[in-house]
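Okay, so chain A shows up in both of these, paired with chain B first and chain C after.
Moving on to the complex of A and B:
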């Protein structure tokens, strides 16, 4: 029943799209004011999608296995929480969530943009409706979440166990708010470019939306990363997996866009940058959806390999790209002013320089992600691109990037004088000495580590000092930059100081090394509703006789029948102790992996700080006076 | 002039990308064991496991002889499953087994071999995983059969009795 309502609701939603377009065209031509009918219709469309989404949730809660999606991804023994989160833990449901966010953002946009011109609002609505219609058709034609199966199966197939996790239950909705939120930026930029309205006022207006998407995207990536850290059991937080990369690319584009908007707002420069970046952010999000959903890349997010779906998104994606290229070249008025207006020592120049660095990082990630696909098609040769590629290409360029981040905010708009402040030099020397001593003490590669640390510390100190200077008013910027320096520092120290032991142990056995003693004390078993868990008890003694007890587990899920290993992590302010236990078939020992990961909590915390900067900025009336 | 050619150029670029993605869609992305076949083996220089001396690939692979290069690691669970097969294959004459120890800790690797036996005639160390990338490996374990410096068979994932049979047929 709920499924049926959901399905009809979707059809009504699609129909309202055509009504909206019809009325918008009429309104665009004839009337002076924005027709309030359109706003009501937009709300109605949003309402239909909400009903449809609720319909799917209810089918999941009731375990209605006559619905194919529910049958494929749920099971009666699953806890209620995962029944609900199972709604978007699959291809069909997650696309419905896309649609929900698309319509939600459009409705909010129309509500919040009353002071904007009629033509601009209608055009934005029009472009957004093109995207919405595309997704409606995609959903109904290739991935209907309400397919009916008869006879009704007695039991479902169950949700992939590694998706049964609290962080992952909220990761998709948050990430989608960021991903799909960028659609409204895309639509309104196209509208503004068509009307030749890209100016300072528009920048102020659109910045809020950019910040909003940016905050959600950052949080979404953070949640995914935390999940990968404790659930996948490799003890890392970023693997340069294609799926992570496709979320990083829109983030990089969005961050660059944010900084371009600041320049546009102040100086009315970089308009083409803004248009191109808005377009790229959304197309990169779409491209990400294409790459992970079409099965062209293999990952946890590849729910089903169906070339038809891939083909649809591909055609849709490229239609949007060509539409935006058309608008960009034929409607967008290029700046008459040239770059001579930029003085080499000014805030806008420093932002521009770092924008180029961001574009470089984006290109590296993009090439690393799609080059293997290209190579395979052209020469049918398979390669895999791993972390060394990214590290080698990105790390050296972080050094000037960090430096510009530190001094950029210190410069004035338009033109700065050469007056070099003593304090900045003193801070630099302190950072250099500190890093040099640290690196020598830790006995690591001196050159690259100490240079990188110097600049990370420099940004750290400079932005830390700014918190105590009252005349500076850009607190959000300072939070974000400070958070970024903390992030780089934590990652560096995490990399340098991580320790790892991998060994095989039987119950009762003790592993000894110079630094640790791992005692596999005993093993226990726990029965839960949807899984059985074997829990090991390990006592770890370090050289100073500190004792830590860790209890990693092995979960044997009943539906589907999969064994997952559950890491046990003891978190404290300075380091995480991380242990996983793996089952070795036909042996009486377990494969044990014990890791010490310093400053993990600071990595999460620094990303939260960066996000906090964004949130502050959303709520702040004026960014800078 | 510039403003006219540039959009055209971009459109062409995007069309090419479209075609490539379209073709990529039809490619199966799972296992394509045939692709790297009949290719010359990559040249590399690597440390050996026992003596830590640098050795060149030309010194290892001679003509007119079958070699089985097996990428393994002590932390890799499927490697344990396939290990008995390697131990069996080692008994075969005219086939040398080369182990490529992938991103491993030497101590653990030794324990692994002590536990399960050492089927390798020579073991090479690929500590950062770059040599495996040269070979076009996706992960561990992976096995390549080599004859006259050409890859004639590639097995992705652990060996099993069927694959061992196929290898035996080829080596005959």
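Moving on to the complex of A and C:
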């Protein structure tokens, strides 16, 4: 029943799209004010999608297995929470979520843009509707979440156990708010370009939307990363996996766009560049969906795929790119002489340099992600592009980038003088000395580590100092930059100081090394509704006789029948103690992995700081001088 | 000078001995297994994975190390056995010229565009 209502609701939603387009074209041509009918219709469309989404959620809650999506991704023994989160833990449901966010953002946009011109609002609406219609058709044609099966199966197939996790339950909605949020930026940029309205006022107006998507995208990536850290059981948080890269690319583009909008807002420069960035941000988000959903990526995060769907998204994507290029070249007016106002030592220049580096990082990630796919198609040779590739190409460039992040915000708009401040140099010397001593102490590879540390510390000190000193400081910017320096420092120290032991242990055995003693005390068993869990008790003694008890587990899920290992993590301000226990077939021992991961909590915290900067900026009335 | 005291604090800090274990052999082994793809898994390295395939390769890496092979020789050994796909660090050869050079070229291109902005202004 709920499925049926959901399905009809989807059809009605699609119909309202055509009505909206009809009325907007009428309204666009006449001289009247913005037609309030359009706003109501947009709300109605949003409402239909909400009903449809609720229909799917209810089908999941009721375990209505006559619905194919529910049958494929749910099971009666699953806890309610994961029944609900199963709604978007699959392809069909997650696309419905896309649609939900698309219509939500459009409705919010119309509500919040009342002071903008009528034509601009209608055109934005129009472009957004094109995307919405595309997704409606995609959903109904290739991935209907309400397909019916008869006879009704008695039991569902269950949700992939590694998706049965609180962080992963909220990760997709948050990430999608970021991904799909870029659609409204895309639509509004196309509208503004068509009307030749890419100007300072527009920049101020669209900046909030960019910040909003940026905040959600950052949080979404953070959640995914935290999930990977504790669920995938290897203690890493970023693997340069294609699916991770695909979320990083729109983030890089969005961050670049954000900085670029600041220049547009202040100096009315870089209009074409802003248009290109807006288009690429959304294109990259779409590409992300395409790459993940089509199944051409080989990734830990690939859960559902189907080549036919990939083809549809690809065609849709190319039509959108074609449309935006058409508007860019035929409607958008290129500015020429404005660029002559640039002075080499100014805030604008530093932001341009930021753009330059960000685009480079984006290129590295993009090429690293898609090159293996192309190579395989062209020459049928398979290569892997993994962490070493990204590290080699990104880390050296991070050094000047960090430096510019420290110096850039100190420069003035238009023209800055060459006044070299003593304090900045002293801070630099301190950073250098500190890094040098640390690297020597830690017996690490001197050159690259100490240079990178120096510049990370430099940004850290400079932005830390700014919190206390500068009066007319841009607090959001400082939070974000400070957070970034903290992020790089935490990652570096985490990398340098991580320790680990991998060994095989039987129950009752003791592993001894110079530093640790691991005592595999016993195992117990816990039975839950959807899984059985074997929990080991390990007593770890370090050389100073500090005792730590860790209880990693092995879960045997009933539906589908999969064994996963659950890490036990003791979180501490300075280091995490991380332990996993793995099942070895046909053996009486377990494979034990014990890791000490310093500063993990600081990695998460610094990303939160960066996000906090963004949130502050959303709520800030005006960008200060 | 007030900064002097910070420097002194730093020097004192530096005398606190932070020594760390140099379990060199296992570290190298981890390093190597991190750079090998687990061929039967979905995008995991040998190090990350606990599949049978990965576990047997971990043992193989350990064995090769004890036989005295260098890191590079081990990579070569695995490449010959399983093909280039197993290496996470792509080699620089005719297949990967574009992979390695395109980002650098883009960076240079960006640099040229930026540079031109300021040169044109002068003329």
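Heads up, the rule we're going with is that the second predicted complex is superposed on the first by the 614 of 625 C-alpha atoms of A that agree within 3 Å, B and C clash if a C-alpha of one lies under 4 Å from a C-alpha of the other, contacts with A are read in each partner's own complex, and residues count from 1 in each chain.
Heads up, the rule we're going with is that a residue touches a chain if its C-beta (ideal position, glycine included) is under 8 Å from a C-beta of that chain, and two chains touch if they have at least 3 such contacts.
Being a predicted model, the structure only gives us computed values, none of them experimental.
A.B. asks: In the three-chain superposition, say which chain, chain B or chain C, touches more residues of chain A.
C.D. replies: C
A.B. asks: For A:231, select first, second, both or neither according to whether it touches chain B, chain C, the two together, or no partner.
C.D. replies: neither
A.B. asks: Thinking of the overlay built on chain A, is A:64 touched by chain B (first), by chain C (second), by both, or by neither?
C.D. replies: Once the two structures are laid over each other on A, A:64 reaches no partner at all.
A.B. asks: Between chain B (first) and chain C (second), which, if any, makes contact with A:311: first, second, both or neither?
C.D. replies: First partner only.
A.B. asks: Does chain B (first) or chain C (second) touch A:329, or do both, or does neither?
C.D. replies: first
A.B. asks: State whether A:566 touches chain B only (first), chain C only (second), both chains, or neither.
C.D. replies: After superposition on chain A, A:566 lies in contact with neither partner.
A.B. asks: In the superposed arrangement, which partner chain does A:386 touch: chain B (first), chain C (second), both, or neither?
C.D. replies: It touches chain B and chain C both.
A.B. asks: Now for A:584: first (chain B), second (chain C), both, or neither, which partner does it touch?
C.D. replies: both
A.B. asks: Per the definitions at the top, what is the overlap between the chain A residues touching chain B and those touching chain C?
C.D. replies: The overlap between the chain B and chain C interfaces on chain A comprises residues 297-298, 381-384, 386, 388, 500, 502, 582-585, 591.
A.B. asks: Looking at the complex, which residues from chain A come into contact with chain C?
C.D. replies: 232-234, 236, 239, 241-242, 297-302, 339-340, 342, 344, 352-353, 356, 359-360, 363-364, 367-368, 371, 375, 379, 381-389, 392-393, 397, 426, 430, 433-434, 437-438, 441-443, 497, 499-502, 513-515, 565, 582-585, 591
A.B. asks: Quick check on the complex: what are the chain B residues that touch chain A?
C.D. replies: Against chain A, chain B makes touches at 3, 6-7, 10-11, 14, 18, 20-27, 29-30, 32, 35-36, 74-75, 77, 80-81, 105, 108, 111, 115, 128-130, 133, 136-138.
A.B. asks: Which residues, counting only chain A, touch chain B once they are in their complex?
C.D. replies: The touching residues are 290, 294-298, 305, 307, 310-311, 314, 318, 321-322, 325, 329, 373-374, 376-378, 380-384, 386, 388, 500, 502-504, 582-585, 587, 591, 593.
A.B. asks: What part of chain C is in contact with chain A in the complex they form?
C.D. replies: Those in contact with chain A are residues 3, 6-7, 10-11, 13-14, 17-18, 20-23, 26, 30, 34-35, 37, 41-45, 47-48, 50, 52, 55, 83-90, 95-96, 98-100, 102-104, 106-107, 110-111, 114, 117-118, 120-121.
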